[in-house]
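In this document, chain identifiers A, B, C and D correspond to the written order of the chains, with residue numbering beginning at 1 in each.
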Amino acid sequence: MARHVYLCPLRWADMDSLGHVNNVTYVDYLQEARVDMLRVNAPATGGEQLAEGVVVVRHEVEFAAPLVFRFEPVRIESWVTRIRAASFTMAYEILDEHPDGARTVYTRARTVLTPYVFSEERPRRIRGEERTVLERFLEPEGAS
Amino acid sequence: MARHVYLCPLRWADMDSLGHVNNVTYVDYLQEARVDMLRVNAPATGGEQLAEGVVVVRHEVEFAAPLVFRFEPVRIESWVTRIRAASFTMAYEILDEHPDGARTVYTRARTVLTPYVFSEERPRRIRGEERTVLERFLEPEGAS
Amino acid sequence: MARHVYLCPLRWADMDSLGHVNNVTYVDYLQEARVDMLRVNAPATGGEQLAEGVVVVRHEVEFAAPLVFRFEPVRIESWVTRIRAASFTMAYEILDEHPDGARTVYTRARTVLTPYVFSEERPRRIRGEERTVLERFLEPEGAS
Amino acid sequence: MARHVYLCPLRWADMDSLGHVNNVTYVDYLQEARVDMLRVNAPATGGEQLAEGVVVVRHEVEFAAPLVFRFEPVRIESWVTRIRAASFTMAYEILDEHPDGARTVYTRARTVLTPYVFSEERPRRIRGEERTVLERFLEPEGAS
């Protein structure tokens, strides 16, 4: 029921020729947020394989505002919108939260992922303990 | 009415820890294909600003099969699916075409782009000569 | 007389096909450490232009041990070894410091930089206030 | 006795905020040239392991002129300057060759490499057939 917050450090090299973070780099940021949520700061053990043992099935990324390079990290909130037998969907917002509580959202994205057994090159079902981790972040779309 | 073909060279550094091209890198490949279609090998002059003077509004990327690193370039076909007053949509397929004509599609993607005046930080309408370039690649979705 | 310490976050995408940080990525880390020392956490104002208004004249990078991917940042110490009229030399070590004080050094590097006026495409001399910033980190080679 | 020529395609994403190829990216280009020389277009079989089964021991990179982004590939000449029992040194020039034969050199670099058995995490000696490949490119420094 809780969004995961990852403070994503920018790199000097992320800037494109306009001083903006390039659209490709945003997708890299999403990957970092995902790994952080599922592995580094997972709310419970059991989800390790969901961070690295998954394949991306689909990305949808909507660019709402340009992110100008700066030295402060940018906030990425991530959560889970759907859990199925052998796949799950994550949502993210890349944003700044201002002192007055206002938010500037730079990017909204969704990723469909499926657990994968790389040694056998096949997808697999989500395990019980993995579901438990994912459910901690579940915020179904349309719910409010 | 014609798809643009870009033979995208892979880089050694594109490989992730599994020897696959990482999902983020695919999005970079799409950018290269887009620049190549609209600028390097544009069918007519007038579209230069569409290559670099655009912002990405939205990406949808579907990963159909893993692309294992190799030294041969990978084929990217790109075309235009919709032209509106101030935005257009491109579609792409990253694929290998086999000698017998069969195709292995690794990625299907769509990008919504809008021409942008960076010095004034505002979107702008598509110009007539730009529309002419885009129409050369027009293949509306659902048409067959 | 003090080394600058930058705790450099790794990214999942930095890993190469062996699970190591690729040699190219190290050079990116050096850039991050340099920008952090001269700009983000500069000991005094006046050095801002040294972070971004410089060109790299020369890199020497020695790879001492492989850095295996992990989620903890890696420590980068950087300092200045020489200040001339229109160039200066930085040295760096990328390392882990262990609880017992032992150090594993992954990379040792030196970079010669020169302040540069990009709008006029010419190098320039180091200003007085910039020299003051650099001298705070001065540890001439051979001195001990 | 022959330099290897690799025509290195630039990527749109290689441009930094000044429209130049960033110093980090050059090091990536060197890697591409090295892999191309030792593997893709090796003059004889037997050198495959030298392309990927090596570790970089040391880089020296000298930046002579800024490379402004363009769509044409840049020429990278590479050769071998020294062959020892368990290491070898490559040299490179990243340059443009003009129609009148004049050359603009952007970068000169040298890399010391050592063959490496990754599964056992140890360096190894250069094999006879590898030496044969390397000798085809041998141009000792100081020779002229």
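The rule is simple: a contact is a pair of C-beta atoms (placed from the backbone, for glycine too) under 8 Å apart; a residue touches a chain by one contact, two chains touch by 3 or more.
Quantities reported herein were computed from a predicted structural model and do not represent experimental measurements.
Asks: Out of C-D and B-C, which chain pair has the most contact pairs?
Replies: Between B-C and C-D, contacts are more numerous in C-D.
Asks: Please name the chain that ends up farthest from chain C once chain centres are defined by their CA atoms averaged.
Replies: Taking each chain's C-alpha mean as its centre, the farthest from chain C is B.
Asks: Between A-C, C-D or A-D, which repeats the contact pattern of A-B in over half of its pairs?
Replies: C-D
Asks: Just curious, how far off is chain C from chain B if you go by their C-alpha centres, in Å?
Replies: 37
Asks: List the centre-to-centre spacing of chain B and chain D in whole Å, with centres computed as mean CA coordinates.
Replies: Distance between chain centres, rounded to whole Å: 30 Å.
Asks: Between chain C and chain D, what distance separates the C-alpha centroids? Give it in angstrom.
Replies: Distance between chain centres: 24 Å.
Asks: Do you know which chain C residues sit against two or more other chains?
Replies: 13, 18, 24, 28, 31
Asks: Answer with line, ring, star, complete or other to describe the graph linking chains that touch.
Replies: Contact pattern: complete, every chain touching every other.
Asks: Would you tell me which residues of chain A are touching chain C in their complex?
Replies: These residues of chain A touch chain C: 9, 11-13, 28, 31-32, 35, 39-40, 71.
Asks: For the complex, give me every residue of chain D touching chain A.
Replies: Residue list for chain D touching chain A: 13, 15-19, 22, 24, 69.
Asks: Please name which positions on chain D make contact with chain C in the complex.
Replies: 18, 23-24, 27-28, 31, 55-63, 66, 118, 121
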